[in-house]
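What follows is a set of structures to go through.
Each of the next two complexes has subunit A plus one other chain: subunit B in the first, subunit C in the second.
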Partner chain A sequence: MKDPKNLEIEVAKLVSEILGETVGSDASRLTVARWDSLKHMEVIFAFEEAYGVRLDEAEMAALSSVKGLAERAMKQA
Partner chain B sequence: MRHQHVIAGEAFRLRPIAERDAEFVVALRSMAGRSQYLNPISPSIDNQLKWLADYFKREGDYYFVIERIVGERPEGLISLYDLSTHDGSAEWGRWIVAPTSLSAIESLVLLMDFAFDKMHLQKVYSYTVAENSATNSFHDGCGFRRAGVQVARFNMEGRAIDAVKHECAASEWAALRPALAAKSQKISQRINRDAPGR
Partner chain C sequence: MLGLKPTWSCREVTVRAHRNHSFEHVISAAGAWAAYAGIKMNWAEAPYDDALSMQGLGEQPDLEVIWYDVEAVQATLGDEVTGWLLSRAQALRKLSSAPILMIIIGLGEATEQSLGKLISAVPGVRLAPTSLVLAGMANPFDERLRRLSGSRLSETANLMLAKELACRWLPVMLAPRLKAVIVDLDQTLYEGVLGEDGFQVRLSAGHAALQSALKALKDSGVFLGMVSKNAREDVEALFTARPDFPLRLADFSATEIGWGSKSEAIQRACHQLRIDPSAVVFIDDNPGELLEVAAHLSQVGLIHAAPDAAQTRRNLEFFPGIWTWGVSHTDMIRVADLNAEIQRRNIGLQAADKTAYLRELAPKLEIWIRPVALRDRLHELSNKTNQFNLSLSRLDEVTVDAYLHHPDKFAVAVGLSDRLTDSGIVGAMFGSIKDNEIIVEEWLISCRALGRELEGLMAASALRALAPEAKAATFRYKSGPRNSPGRDWLAKSSGGALEHEGSVSITISTLPAIADLPINLTIHSNERS
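Entry: the complex of A and B
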C-alpha cells in the first residue's frame, strides 16, 4: 500500500500538470483559481485513468481537493 | 420575454424559465458558495415572481433553466439578453449551476449554439466580477477573448466592482466549439451511462 503522504504528492503533481501551475497537497478548488469547472473535469478524467478508478457522478463533483482525491485513490488501492 | 426555445443536449437541456421556477432561483442564488459574486436577491419567492413578471415583458431577453433531461431536474440558470439587432450582439450571463451539478460545460455549449445557430448573432460577450478568478479562468480556458476591464460595472451592497469583459465572435465560436463539445460529450455520456434505469 502506498504511503498517504507520497500519494498526496503524486496527486498534486498530476493536478499541477493539468492546471499548468504547481500546487501542493493542500490545494483545492477553493484555493486555486485555475482549478475551475473546465479544468476540474480534466483533473477528474486524468485521475481516473492514472489510478484505475471510476468515480460516480456525486464523487466527480465532490472530490475537489488533492487530499480528497488522494484518499479516494487510497481507498481503491 | 416569454419565449418558447428549448435547446436539448445529451444530458441537459435549456428550457424557458417559468413562474414555477421562482423557488429554485431563490434557493440557487442564495446558496453558500454560489452567491458571493452575484447581485444579492430578495429571499422572497413573491419578489422573485415580480422580477419574473417584469422579465416576461422584456424583449430580447432569453432566460433558461438548465435541466437534466433524465428526471427533468433543474440544476442551473443561464441567460442571453440585451440583444442588439443593430450589430448582432448580445450579453450572456445570469449563469449559475448547483455545486453538485456537472452541467457547466454542456449548458455553455447549448447557449452558444442558441446564440449563433438559432439567433444568428455575430458576437456574444459577458461581464464577470474581476475578483471572481475561477469564472474568469473558466472563460479564459474556453478560449473566450478578454476584451478589457470595465471599472465599477457592478455595485454590490454599496461597493463598486470592476468587471472583466470576455467576447466571442461567431467565427471564433466555430473554432472553439469542437474542443468544448468533446469535453461536454464525455461528461454527458458518463452521466447518461450512470443514470438509474440505464
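Entry: the complex of A and C
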C-alpha cells in the first residue's frame, strides 16, 4: 500500500501538470484560481486514467482537492 | 499537448458559438490543434439557448458556430427538427455574413444527410458530419458529465470533435483547400530504397493504404507530385514492375526526379502545376530533407513519413487544409485538365497561327448569367484565383449570393471545354449594371484557362450577353503580389497604364468577337429566373 503522504505528493504533481502551475498537497478548487470548472474536468479525467478509477457523478463534483483525490486513490489501491 | 504554446505566429480568428450545451471543453482542447493549423481561436461567448433565438448579438465574428444537441428539442419537434435547424441557420444568416459551421449532436446519419442537403441552399453554411465522427466511437456519451460539464459528450468525443474542428472543418472554412500533395518515394511510399533494394522494395499494408489515400485525394481534385532523389528510368521501371502499387506513375501530375535540392524540385513542381508553394504539403521520411525545405520554402506544409505508414496516412488525412466538404465536378476534372495542358502546348507549337490552334482544339465557351446553382464555384474561384484576379476582392458566399440576386448587380460564370477536356467553370465576373452602364467590380479567370489567349473573348462574351447595347465597361482593379497576368491584360485591353488601384474603361467593340474565331459559344441567360 502506498504511503498517504507520497500519494498526496503524486496527486499534487498530476494536478499541477493539468493546471500549469505548481500546487501543494493542501490545494483545492477553493484555493487555486486556475482550478476552474473546465480544468476540474481535465483533472478528473487525468486522475481516472492515472489510477484506473471510474468516478460516479457525485464523486466527480465532490473530489475538488488534492487530499480528497489522494484519499480516493488510496481506496482504489 | 494541451499545454503546448506555438512558437510561430497564428492567424487570430474570433469564433462565436450559439449553443445549448457546453462548448468550452472542445474549444479548450482544440487550441493546440488549431495552432498546428496556424490559427488562434478567440472565443466570443453567446448565452445558452435551446431556442437558438440569436438575440442581442454583438460584433460580427470571423466564424459563427451553431453547437447544438438536438436531444433538448427532439421530443417536441420530432421529424420537424431538420426544418427547424434550417430556419435557425437562415435566421443567423440574416444577422451575420460570417461563415456558419453547424455542429449538431444527436442526429442520425440519414437525418444529418437530409439536413445537409437543405443547408446547402443557404450561402456560407456548412454542416459538420458529426454523426460519422461519433459513430466511430465506443462511448460518445458519458451521462456522468451531463450536469457537471454541461454536455453529455464524453471526453473522447470532445477531443475527437476538437481535432475535427481544428484540423479539418475550421481550416477549409477560413481558407481555400490545399492544391497539391508532393511526396518523396523511398521509405515514404514503400519500405526500402529503390537504389539498393531494386524492385523488391516492400509495400506494407500501411504503405498500400497511404498510396490509396493519396489516390483518393487525386480523385478529389488534389494534384499529386513526386520529388525523389533517384534515377528517372529506375522510377519508371519500378512503377511498371509493381502493379501491386495502388498509385501509378500517371497519377502524378508533376515528377521531379534527380539529385538536386528538394526545395528547388518542389518549386519546379509548383511551376508545372501552376500553383503557389503555400498550397502544398510535402511528405518525406528524411528529417534533413524536411528541414532543407522548411529553410528555403517556409510556406510549404510538411509531414514526416513515419516508419509506420498508417501514422503518415492519419497525419495526412488530418493535415489542415487537406479535407474537403465535398467533391465537386470541378474538383474531379482538375487533374485531367492540367494534364491536357501539355497536349495543348504541343498543339500550339505546331499550329501555324492562333486560328489554326483554336480550330484544332475546338473550344466551347459557355456563359451563365446570374447562375444561382453555381454559387459555390463562383465563391471558390474568387478565393482561389491569384494570377488573373483584377481586384482580389475575395468574396464570401453571402456577397456572391447578393451579386446573384440583387436586381442592380450581376454575377457571370464562364465555362470552357475543348476536344481534350472539360475545364469546367473557369471564369467569374461580378459587378453592377444599370441602363447599359456596366461596372465590373471583379473579373477573374482560373490559371488553368490561361495561355489559350481567350481572356478577351471571355470578357467580351460575358459583357455582350449581359447588355448587348452597352458600349463600354468600367473595370475595377487592385495590384496584388501575383495578379500581374490579369493587370497586364487589363492594361493592354484598356490601352493605358494602371495605377496601384483604380478603375479603367474598356470599349467593348475593341475586344475580340466570337464571329472572328472558330469557337462555339452558348449563352445561358438569367439563370436566376
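Here, the second predicted complex is superposed on the first by the 77 of 77 C-alpha atoms of A that agree within 3 Å, B and C clash if a C-alpha of one lies under 4 Å from a C-alpha of the other, contacts with A are read in each partner's own complex, and residues count from 1 in each chain.
One rule holds for everything that comes next: a contact is a pair of C-beta atoms (placed from the backbone, for glycine too) under 8 Å apart; a residue touches a chain by one contact, two chains touch by 3 or more.
Everything numeric here is computed off the predicted structure, so don't read it as measured data.
J.: Should subunit B and subunit C be called a clash or a fit once both complexes are overlaid on subunit A?
T.: Pair status: clash.
J.: Classify the contacts of A:R29 with the two partner chains as first (subunit B alone), second (subunit C alone), both, or neither.
T.: first
J.: On subunit A, which partner touches more residues: subunit B or subunit C?
T.: Here the partner covering more residues of subunit A is B.
J.: State whether A:I9 touches subunit B only (first), subunit C only (second), both chains, or neither.
T.: A:I9: touches no partner chain.
J.: On the A-aligned overlay, A:A61 touches which partner chain: subunit B = first, subunit C = second, or both, or neither?
T.: both
J.: Please indicate which partner A:M41 is in contact with in the superposed arrangement: first for subunit B, second for subunit C, both, or neither.
T.: Touch partners of A:M41: subunit B and subunit C.
J.: Which partner does A:M74 contact after superposing on A: first (subunit B), second (subunit C), both, neither?
T.: neither
J.: Determine, for the stretches 61-69, 97-105 or 151-159 of subunit B, which one clashes with subunit C when the structures are superposed.
T.: Of the candidate stretches of subunit B, subunit C runs into 97-105.
J.: Which residues form the common part of the subunit A surface touched by subunit B and by subunit C?
T.: Shared contact residues on subunit A: 37-38, 41-42, 45, 56-57, 60-61.
J.: What residues on subunit B touch subunit A, complex-wise?
T.: 97, 99-102, 104-105, 133-138, 141-142, 183, 186-187, 190-191, 194
J.: Within their complex, state which residues of subunit A touch subunit C.
T.: Going by the criterion above, the answer is residues 17, 20, 37-38, 41-42, 45, 55-57, 60-61.
J.: Touching residues of subunit A toward subunit B in the complex: what are they?
T.: Where subunit A meets subunit B, its residues are 29, 33-39, 41-42, 45, 56-58, 60-62.
J.: Which of the residues in subunit C end up touching subunit A in this complex?
T.: That would be residues 2-3, 24-25, 28, 143-145, 147-149, 155 of subunit C.
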